[in-house]
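The following pair of complexes shares a single chain, subunit A, combined with subunit B in the former and subunit C in the latter.
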Partner chain A sequence: MNGITLFAPELTVVATALVVLLIGLFLNTESKKVLGYLASAGLFASLVLTLMNLDANAVMYSGTLTVDALSQFFKIVFLIVALLVSVASIKYTENNEHVEEYFTLVLLAVVGMMMVASSNDLLVLFISFELASISTYALAGFERRNLKSLESAMKYFIIGALSSALMLFGISFVYGLAGTTNIPEIAQNSAMLVSSPLGIVSIVLLVAGFGFKIALVPFHMWAPDTYEGSPSVVSSLLAAGSKKMGFVAAFKVFMIALVALKTELTMAFAILSVITMTLGNVIALSQNSVKRMLAYSSVAQAGYISMAFVVMSPMAITGGLFYILSHGFMKAGAFLVTAVVGYMILSENREAENVDHLENFKGLAKRMPISAFSMMIFVFALAGIPLTAGYMSKFVLFSSTIEAGLVWLAVIAILNSAISLYYYARVVKYMYFYPAEGERVSEPLPYALTLIAAVVGVLILGFWPEPFIQWAMEAANVLIAT
Partner chain B sequence: MILPAIPLPFYLILSTVVFSIGLLGIMTKQNGVRLLMCVELMLNSANINLVAFSSYNNDITGQVFVLFTIALAAAEAAIGFGIFMAVYRMKYRIELNDFNILRW
Partner chain C sequence: MPEIIDTSSIINSYVPVAIFLIVGVVMPPITMLIVKFLSPRSKSKQKFTTYESGSDPTGDARIQFNVEYYIYAIAFVLFDVEILFLYPWATVYRGHGITSIATTAILAFIVIMVIGFIYEWKKGALQWSTK
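Let's turn to the complex of A and B:
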């Protein structure tokens, strides 16, 4: 009985997905709008159920699933992102005949992410990872008459399939050496894994498998293409949700299962994170497509967050988790702004191409003040301007790096933040200091609501971070204790 | 021990060879269907590993794992072919070289 109540959030989302799919059969295209509201309601109910069991701590179903502070933290991040995405998608899927497939795929992807956060067994972890991945492959190619969307889906699919093959091959060796797929039991045998050459091979394969999802350099090639080509609402889910799933899987495997490995991994992750943040920021400087710029900035942010793997002190992991929470709001919000702008341009001219080009953001402050203001908040938060979520998370993460004695790493990260300010400020310049071309356009209500919600989230995390940092610390303790 | 005749390293060598063929194929081939076949090879090499380890450890988990992976590989292939079909309808080709709208 206890298991069912703790598992209720996932079950709610699955039930909503099936109901949406079923009801969609009986509706005509005009009335399919209701499915978006239904999906959002299901996600909201699941969010409430998760919040009710915030301090639960249990291992369920023969030790395959665990509910603890860490899993609840990530589930809430995924559900908030999914809620923002699904409310915004109500307008995006308007007059589309495939609404039910769209929302079912979004909901199933979210279930996969939530199960990864809860998994206590490599089998469950792998299956949920695939559930989320396979749903998002289809979502990336949702606009099936748009070659750009198809190209992004194709690239995402091939790289994603490769990464899951690498991950599975790594898992097979871990299973062979440890004799079990249960994560805490692997932790007991992890000393053996480190001493065997096969163990090292499996760890390299696992780093590559998760690295593809997180978009760490050199496994990042798919990310800019996919984020740029897929529908903006889907990019938002990918950047803010799917990427965090890679992080929680990596946290579970590298910090709980392979705990004996901490010292060996430090240098490897330090190099990966430095290359990732530098390359992401430098390439983002020369982008003219806002979505592509955000994609490279997302690569850079993955570099900052993976500093938590390098330092591995409780404070650093807290910083990493808090960064993940705030990055969810900032990145989802920023991609949703590009979705609004794209929607506006396409509703004026159906044949428009490259709707995410920086030129289209000229004078946005006059044309769409809400979008422009939210975009300004999001990019400033991403750059780490004080009083936003981005500043607080960078502050916690970087200061813990300095405390741990890795001053050089912190210096590189701060220099990188300085570089990133250039391309973020450029967007603001285009929006606020160029004359507007065209009339004032009012944002459709669902879009406006999600943008305002994301802005409020970013500002609350910036002004009043203590309770959230406390919460992240509790989640980090789960990783440290074992 | 169900498989006493063939020692474990032989299975590991076989799976590594199959895995490498798949990886090489992914890196060199351009046709979508071939890429999908290479991914299947890689997934199946992991299955060989799992079954061999399961048999030598006298632990059934590995074989259960394989059943799930086979189903997942099928789902992945279905989605992959779905995407390739959509591409084929637009371009009448599924060569990866043709895809160059998105680039930096």
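Let's turn to the complex of A and C:
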């Protein structure tokens, strides 16, 4: 069967999740370390399988699932992020008795994200969305003795549940007007959607539903608290993986299914993206917690990426997709650095609180050179300094905006990038220009490996972006052609 | 799809939405008011006692349940859903030329359920501790 080979990546991840859960039950806490290696191996196998089917193109299972350039693009982003997170988590979950739950939840969340990327039907999309969401709710509260982690999980859960309800409500309107939940068929039956005002209601509800996951501004309230309170490795998965799931769902629903309502969509997203990037950047300026700063910067980045919805030209979507790929590396990497710093602080003082405070980054260059150097690369990439992935993605996205005649939007975005440089550079100042307040600590191997991998990713995307932009363009064509 | 943006038509298209919203907001208070005016009220002592032959309540309504009830409830839902899937499977699996694929699918489903069950068992969720 063709479907099985094309869905081998998902099946591999599911099988790994089940095996990890089952084996973990029969191991004692010391030997549970093997589960992390197993989970990472499963994700790596899945990544290889996806790369083997890179230019597959098929619609399967009565038109509910599709494999195309777009889905493969996003699956690879999710798998890379998950691989970084899972390798780093080998160290994080050391000596924890709930390792099997942790890795099973990570793997199931990734399956949910991958299925969202492949879904061709609103209901499949919703169920996969929920699979990923519910797994991450539990992950956010993984440190169950830590009040902050529990608070973050609670906020994430309540707001996430509300957003799911809104999304489902929006889907019900779309189904009522178009008479189908199949995404390409909705595009064909869009006459009712355009003529009825309920079409706009459904757009508003869907923007709200996806906006929560993406953390667009009126719906971003959960993001800083959740990213700050969750374990850093989980924040990394949330910011670099879960957020992209919101984007791929929005791409599929707004650019394929509801493309007939383009005028209304463009207007809504123009306002949302301007507010999102400005608010995210301005609030990030005054944050002293590095994770909170990264959370607001992640909100701002969501604002940049949603410019693709405003312009909707092939070039802009290419830019948006390339941005998503590079953001996966930079943001996941930056959150992993906070995980390493947290490890360093906690290994000195087990009772330490606010481990991600900026003060703890003082003199990091002396204490943990690899982490400090990686953090510098990540924050410079996030700010858009040339020769990093962030610069190339901003360049493609902003130039497409100017090309489309939306100069005002490009100007706002560039001004925002300039603002953002302040708080990114501040971290570098703390790491490199302040004296160290402690001994040199060597990074544990899993952390060091993931940081180096993420740095290599950011630099490759910065130095040699052509093949990746080409690839993003192919993925963008899927959205434009239909 | 309107190619040229006509502002008045955009605003007009929101009118039904606005009506929808206003009716939605105004309807509940109006019904409540109508009920308040129309329904007869009798404030007798009997009205505040337990309904019919129910027993008188004792203690506070907000008591803490043992969290283990919750785990049992989840286990129940799990197997309830399994039965729900097995019924339609049992009725269609023969005679539609899908026997092999239906059997594989349901076996995969049952294996996943069993793994969940083993997990629950092994974690001691079925052990009722009396503390």
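Heads up, the rule we're going with is that the second predicted complex is superposed on the first by the 482 of 482 C-alpha atoms of A that agree within 3 Å, B and C clash if a C-alpha of one lies under 4 Å from a C-alpha of the other, contacts with A are read in each partner's own complex, and residues count from 1 in each chain.
The criterion applied here is as follows: contacts are C-beta pairs under 8 Å (C-beta built on N, C-alpha and C of every residue); 3 or more make two chains touch, one makes a residue touch a chain.
Every value quoted in this text rests on a predicted model; they were computed, and no experiment measured them.
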item: Which of subunit B and subunit C A:F169 touches, first, second, both or neither; value: first
item: Partner chain(s) touched by A:G229 [first = subunit B, second = subunit C, both, neither]; value: first
item: Dominant contact partner of subunit A by residue count, subunit C or subunit B; value: B
item: Contacts of A:P197 with subunit B and subunit C, given as first, second, both or neither; value: second
item: Touched partner set for A:L22, first subunit B, second subunit C, both or neither; value: second
item: First, second, both or neither for A:I275, with subunit B first and subunit C second; value: neither
item: Which superposed partner A:A161 touches (first subunit B, second subunit C, both, neither); value: first
item: Subunit A positions touched by subunit B in one structure and by subunit C in the second; value: 198
item: Interfacial residue positions of subunit A with respect to subunit C in the complex; value: 18, 21-22, 25-26, 194, 197-198, 200-201, 260, 262-264
item: Subunit C to subunit A touching residues, read off their complex; value: 1-2, 5, 10, 13-17, 20, 112, 115, 118-119, 122-123
item: Residues of subunit B defined as touching subunit A within the complex; value: 12, 15, 19, 22, 26, 32, 35-36, 39, 42-43, 45-47, 49-50, 52-54, 56-57, 59, 61-62, 64-65, 68-69, 72, 75-76, 79-80, 82-84, 86-87, 90-91, 96, 99, 101-104
item: Residues of subunit A touching subunit B in the complex; value: 123, 126-127, 130, 134, 137-138, 141, 144-145, 147-148, 150-155, 157-158, 161-162, 164-166, 168-169, 171-173, 175-176, 179-181, 198, 224-225, 228-229, 283, 286-287, 292
